[in-house]
Every structure is written in C-alpha cells, then in structure tokens.
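The chains carry the letters A, B, C and D, assigned in the order they are written, with residues numbered from 1 in each.
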Amino acid sequence: HNPFVLIAGPCLIESKQLIDETAATIKEITEKLNIPFIFKASFDKANRSSINSERGPGIEKGLEILAMVKEKYNIPVTSDIHEPHQAKLAGEVLDIIQIPAFLCRQTDLLVAAAKTGKIVNVKKGQFLAPLDMKNVVVKLRESGNEKVLLTERGTTFGYNNLVVDMRSLPIMRDLDVPVVFDATHSVQIPGGQGTTTGGKREYVSVLARAAAAVGIDALFTEVHPDPDQAMSDGPNMIKLDDLEELLSKVKEIDQIVKKN
Amino acid sequence: HNPFVLIAGPCLIESKQLIDETAATIKEITEKLNIPFIFKASFDKANRSSINSERGPGIEKGLEILAMVKEKYNIPVTSDIHEPHQAKLAGEVLDIIQIPAFLCRQTDLLVAAAKTGKIVNVKKGQFLAPLDMKNVVVKLRESGNEKVLLTERGTTFGYNNLVVDMRSLPIMRDLDVPVVFDATHSVQIPGGQGTTTGGKREYVSVLARAAAAVGIDALFTEVHPDPDQAMSDGPNMIKLDDLEELLSKVKEIDQIVKKN
Amino acid sequence: HNPFVLIAGPCLIESKQLIDETAATIKEITEKLNIPFIFKASFDKANRSSINSERGPGIEKGLEILAMVKEKYNIPVTSDIHEPHQAKLAGEVLDIIQIPAFLCRQTDLLVAAAKTGKIVNVKKGQFLAPLDMKNVVVKLRESGNEKVLLTERGTTFGYNNLVVDMRSLPIMRDLDVPVVFDATHSVQIPGGQGTTTGGKREYVSVLARAAAAVGIDALFTEVHPDPDQAMSDGPNMIKLDDLEELLSKVKEIDQIVKKN
Amino acid sequence: HNPFVLIAGPCLIESKQLIDETAATIKEITEKLNIPFIFKASFDKANRSSINSERGPGIEKGLEILAMVKEKYNIPVTSDIHEPHQAKLAGEVLDIIQIPAFLCRQTDLLVAAAKTGKIVNVKKGQFLAPLDMKNVVVKLRESGNEKVLLTERGTTFGYNNLVVDMRSLPIMRDLDVPVVFDATHSVQIPGGQGTTTGGKREYVSVLARAAAAVGIDALFTEVHPDPDQAMSDGPNMIKLDDLEELLSKVKEIDQIVKKN
C-alpha cells in the first residue's frame, strides 16, 4: 500500500485570494511532511440548507481559479459537479471529478463524469450501506472508466446526526477501489443550526486518526484560515493552523498500519 | 380538513398500454369510492441501483403519454424530474411536479420546479429530519411558489432498511403544507437484492392505515397489474386488484380522524 | 379479533390516594366507552436516569396498594418486576407481570415470571428487532407458560430518540402472541433532559391512533391527573382529562380495522 | 496518559482447563509485549438469545476458577454480575466488577457493585448516547466509589447491527473516567443467526486499531483457542493465535497517540 494522499482546501471558492493563499500554505505543509497533495474547493454549493446561503462563483470562474492553482503550484485539483452537462467542462481542468453524496446514485451524472476519462471520486450517500457502493462502481466501470475512488463521509444516524462506521473503509476497499476518508464532512450535524448545517470540529482529528489506523488511501479534509468566518461548512472545517499537527499524527499512524 | 386524495399509478411508464389500462382501472375504483385521484408515473428512473436496469421512455415520450391520460380521463397527472432543465417542459403537462427524495435539497432543481407555477411535491430525503424540510419549503416559497406538498417516504434506519416515523406527518404539517404519505416507497429495502431495491409489499396497507390514522392530505401508492413482472419497484408496489380494499379501509379511517 | 384492552395508570405508585383516584377515573371512562381496563403502576423505578430520582414505595407496600385497586374496582392489575426473586410475591397479586424493556433478555427474570403462571407481558428492548422477540417468547414457553404478551415501546434511533416502527406490530403478532402498543413510553426522549428522560406528550395520540389502525390487542398508556407534577415520566404521560378523547378515537379505529 | 491495558479472556468459563491455558498464553504474549493484562471471563451468561444456550458454571464455581487464575498468574481478574446480591461475593475475588450493557442503568446493581469498593467497569448500553453515561458515573460516585471505568461496545444501528461511534471514546473520557474499548462485542450482529448472536470477527482488529488511534485506556477483547467451537460469542471472538499480531499493532498506535 502507498502512503496516504491529502485532498484538501476550503469548502468553497470564496475568492481567488483565499484559494491562492490556502493552496500555498497547504503545499508548504505537505512538502515538509512529504505527503502528496491534491487541492479541492467547490465552485458551487448546490444543496445548501438555505436558499439564502452563499453558493460560490459558478463553474466557469471557479474552474479558472482552480486552473491557476494547478499551474502555479503544480498540483492536481478536484471539485464537485452537480449536473451531467458540467462534466465536460470540469474534465478539462480537474484531475479528479467529485460526485456529491446526495447524488451518488444519479446515473446520468456518474456516466457523464466517467466519460471524461478523469478519475471519479464518489462520496458514499449518507443513506447507503457501504456494500451498496458496488452498484455505483459498476455504473462507472460499465461507462468505460476504471479510475474510481470512493469516499466515506458518514452515515445517517437518527435525526440531525451522522456516524462513521469504520467497517465501511475495508468493505469499500474490497470493491478494488482506493478509499478516501472525508474527516470534515463526517463531523457535520445536519440541520443542527436551523438554516445551516452544524458541525463538531473537535472530532475531525479523532476520526482522521481512526480512519488512518483502519487503512485509507487518501484523507479528505476541508481547511480554512478562519473557519468561523467561512461562507460554508465553517463549523466542521479545521483551521489551517491546525493542519500540520493533524497530518503528522495521521502520517505516523499510516506508516505503522501499512508497513509489511 | 378535506378527505384524502389518492396519488397513484405504476412506478414507471413501461408502455402506453400499461398506463392507459392502469389509469382506467384506478379511475373506476376511485369514482366508486369517491376519492379524488391524481395519476402518477415516472418517465425516467434516474437513480436505479444498477446501470443495466430499465429507465423508461424519457421526458418527451413520457409526457405525451401523461398528457393522454390527463385528457382521456380528465384527471390531474404528476411525475418526477431530475434536472432543472426538465422543469419547463414538465410544467406544460404536469399538474404536480415531484422532486425525488435524494434530490430534495438541490436548490436549482427546486427553484426551477417552483418557477413553473405548478404544485411542487417534494419527497423528504431519507437522510433528513422532518423539521429540516422547513428549509426546503422556504426555498420554494422564496422562489415565488406557495403550492408546496411534502411527502413522507421513510427514513434511513441502519443499513438496507427504512423506518417510517409517524411523528413526521404532524411535524411537516406544522410547516403549513399538505402532507402526503408514500406507502409503497416506505416499504423499500434499499440494496436488499444486490443490484435492485427490494421491498416488503405486505406492509403497504399496514403503513397506509397508520398514516391515515395520524392524518394525511394524500396517499401515494404505486400500483401495477402484475408487480412481480414490473420493470421497476416490483417488490414494493401493490397489485391493482388489492387497491380497492386498501382504499376502503384508508377512507374509513380518514373519515373518523377528520370528523370533529 | 377482540376489541382492544386498555392497560393504564400512573407511571409510579406515588401515593395510595393518587392510585385510588386515578383508577376510579379511568374505570369510569372505560365503562362509559365499554373498553376492558387493566390497571398498571410501578412500585419501583429501578433504572431511573439519576440516582436522586424518586423510586417508589417498594414491592410490599406497592403490591398492597395494587391489591386494594384490584378488589375495590374489580379489575385486573399489572406491574413490572426487576429481579427474579420478586416474581413469586408479585404473582400473588398481579394478573399480568410486566418485564421492562432493558431486561427483556434476562433469562432468569423471564423464567421466574413464567413460573408464576400469570400472564407475562414483555416489553421489546429498544435494542432489538421485532423478530428477535421470538427467542424471548420461546424462553417463556419453554418455562411452561404460554400466556405471553409482547409490547412495542419504540426502538433506539440515533442518540436521544426513539422511533416506532409500525411494522413491528404485525411481525410480533405473527409469533402468535397478543401485541400491546405502549403509546407513552414510545414518545420518550431518552437523556433528553440531562438527568431525566424527556418526552413529547403531543405525539401520544398520534402514535396510539396509528397503532390501532395497524391492529393491536391492547393499548398501554400512562396517565396522571397532573403529569407536569408527576414523580416519574411526566413529559410523556398524558393528562387524565385527555384520556377519554384519545380512547374514543382509538376505539373507532379499532372497530374499523377489526371488522371483517 | 499511560499505555493501554489489555482486558482479555474467553467469553465464558467453559472449563477450568480452558481458562488456565488461555490465561497462560495471554500472559506470555502480554509479558513479551510489555502490556499490563487483566483476565476476564464470565461465570454466567444471563441474557443469552436462547434459553437452550450454555450459561456457564455459576458464580461460586466460576469465582473459584478466577481466584486460581489470579493467584497462579499473579494478575488482576474481572467478570460480570447480573443481580445486586452477587456483588458481595464477586467483590471478594474480582479486581474489577463488570456491569453488562443491558443492565447499565439498573440502579441497585450499580450501587451494590460500588459498595464493594472494587473498580466498577460499566459497559455503555447499546441504547444510550455516550453523554448519557454521565448519570451512570454519578450513580457510582454518589455510592462512594470513584473507581469507575466505562466501556464502549457499540450502539444500536437499525435492526441486527451495531455501529461503533468513535466520538464516544473522547466524550466518555471527558467524564473523567478511563475508557475501555471492547473490540469483540462491538462486532456482534445481534439476532444475526436466529437463536444466537452472530458476529464479524474480521472487523475486530479494524476497530481495535481505530480505537487505539482515538485514544483508549484499555482494550477489551475476548479470545479463545478455537472460537468456532466456543460455547458463547464464537463468531465475534478472535483466535488466541491472532492476539499477538493484533496487540503489536495496537501498541504501536497507542504509543504514537500518547507521546507528548
């Protein structure tokens, strides 16, 4: 098994400046720790709790900023799409096309993403058993794309709560795909704040360490210089200042788990 | 409170003939029982478990068949859409535009549906608490559409199972919207058959009676002359032959509950 | 199917006077509505959230009060036991011995209750699937007692919440036992108030009506003249003043469901 | 933080010979790895799924065997009690008195265990939120015993399944008690085999590693020379031959997590 890869960035492309600065800082940290780094940020938050929440710059402006990151820092970039027609444009810039959890069974979206030939990273729906992701993988493979990642981001657990079932990581890995653990969305408290999604940032490192101990191919974590002022996902994003410590621990655990 | 309305039809527009015959039979039953009837069938199953499952005739052919039903039997018709661009076309034929449960938080889809001016019926996501549907209702209202229905169709309960929390009906009704109970999708067993969704048809009448006793504005139930041969949702659809008995009981309970 | 029976009374034997007055009032209501009535109250709350909560008069004083009710009002009485050694004494007074949900798999307790020869009413553990109650029934039957009742009182649903799965009523009935629906414990919010169990009294009638529509042999409901002042289970008990209206509706639904 | 302690042994005291041999082997392994070792086995399985399952030698014979282990191998021993009257006798031999998960709210049992002055290890009920264990801790402390351990062993997750919420470990630790992770009961499949509890042994090491990465004070694991022939809990116990490898990994992770 290869060492884990980091997929990270702010939840939303709030501004070119935020994206640039965050990418620079994460790149510096990951080079120091020798961890491969893929930058992630969304150009559109298409399923915000509230209609009045900020959604982002949209696909064209967003991809332009991600292309800048890709070139300036020489790193792969990823983002999520929400409708099939976005796949082609996204595939021209992104190295990995991410499919949101709520949309993980939308056949047309999966097929369109697969057809780009890019890696497709599907987040497991909060409403699905890990083994049910087999049908999702088959949809992508039968569309001619074998480059599939699956991401665990928590499962519906009663109302307004998610639980991470650590068994899902080996179950999804047994589908012969690399598995990503999304440590920041996993600590969301859906509906926990009325018109926005809440979160418990203090459990991000707890769950990230646990997942690394189980065995993951990539860690996904949203980071922001000042999460409490972020336009989206603030309560569950971690602070950029806390990233290095988190990654150091995860790396040590990853090494132990993957040695001989 | 008004007596309950029936929203019913086969899951999928398998053929013009199936739709015509089923609509005719349900119309006959509901006229006999004096229950208002809205015909429902899908033109595209956009999130089938497997990529190899039948999806349906598509939006144009499907709407044509629904328009035929609407005219021939003089009844309202409803169907579900999956992408924003479908809303306009759908709104030219459908009396109620249905939003699938997995997509109940996709803002663009909700806004597009709202803009048609037609009634919008949103199925509560299996991953949402009933109160969280408030944000969905607000999305529609702020898009200028007050004609909103909410449908209960079960909540994620561990893996490969749904549970109906009967408290959700009064909770959603308190959002000042009519509430629909979907008795057939509520008995689905997601992932219960490997590459298709399973179901427990024997609990449809159990849950329909319970929901009527709680208080509903409409009952949604998929029916098919021969569910075991249906192209979609067979295990949870009820037989056309069993519909009259189910509706008679539901009607009696509905009357008791709604009399002052 | 016979019409439903009512099992009711205050949660706790707070005082002889409370028990006497409540039994008198319920008897009056049930005679008026022609509903068979079994009086229930606990002599010891053995698993209160907090060690400082009131527990009750204990088994000897408690049974004495229940014996008074039984004789004065000529009605059967029931209460719950918590340890095997209590079964014999309890069996001398009680017509039905109730086994608490947390203890529904304690073999010695079940066997001791069975050996009394009295009816044994086991509440389904919040942690058990309905079908798993089969093993409980077998434990009682193999101890020589065929007079078994099973009670649905909600299932663990995430943290600090219960959900009633209405499918459990027919599933348990298929074990060839009469099934009771406990409408007041089903609306508990475990841990919902820090050191006591919370509850949502407003859903008692909702769930009672739903269960009656599904089909039950008995309705269990805790009632109190002034629940907000009750020593135990106040938030989920209903007011004595609201009992008649609840029972009237349940009776009408019960009649519809049970007529052939 | 101190390095983790191992609590281990066969589920049931099947025979003096099994206990002796298993204790000897685990002692050898833990001395080699320098892990403190507490022996655990049950003298009575008081809540077996089926009335026909083996229950064990009973308290007197069982404690005699545990006393032998304690003396011969010079290690602490623990076992579980089910009724308050057993506490005194158990306290004469056991170093830690374990309270089963189903019984974790039974006040009399907790108080009786506390009164022995021995360490009391309470398993978190499958039906409780981690924070709700606060009331359990208070019950023990108000009974004069500050030596409390809490054990995570999985939470009810739909029917016939448990999920381990890794957040529960820090939540319970915040109650100022050492926290134990029970890796073998956490992989049980309740009711998964009709008349016995099933299990998924392959996830024991997955979850043990994850819990160690989160941070635990002790690891609890049931081991047996030949689990498939065990009288109880076979499907979830691990093989004695696999223990050393499991412990080595857990120890390495434990060291990383607890250093500075």
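Basically, a residue touches a chain if its C-beta (ideal position, glycine included) is under 8 Å from a C-beta of that chain, and two chains touch if they have at least 3 such contacts.
Given the structure is predicted, the values throughout are model-derived calculations rather than measurements.
Engineer: Return the chain pair with more inter-chain C-beta contacts, choosing between B-C and C-D.
Structural biologist: C-D
Engineer: How would you label the chain A and chain B contact, same or different, if same means the shared numbers make up over half of all numbers there?
Structural biologist: same
Engineer: Per the centroid of Cα atoms for each chain, what is the distance between chain B and chain C, given in Å?
Structural biologist: 36
Engineer: Please work out the Cα centroid separation of chain C and chain D, and write it as a whole number of Å.
Structural biologist: 33
Engineer: Indicate the residues of chain A shared as contacts by at least two other chains.
Structural biologist: Those would be 155, 157, 159-160, 163.
Engineer: In the complex, go through chain A and note every residue touching chain D.
Structural biologist: Of all residues in chain A, those touching chain D are 155, 157, 163-167, 169-170, 200, 202-203, 206-207, 209-215, 249, 252-253, 256-257.
Engineer: Where on chain B does chain D make contact in their complex?
Structural biologist: 157-161, 163
Engineer: So in the complex, the part of chain A that touches chain B is made up of which residues?
Structural biologist: Touching chain B: residues 46-52, 55, 82-84, 102-103, 105-108, 111, 125-132, 135, 138-139, 142-143, 155-156, 159-160, 190-191, 195 of chain A.
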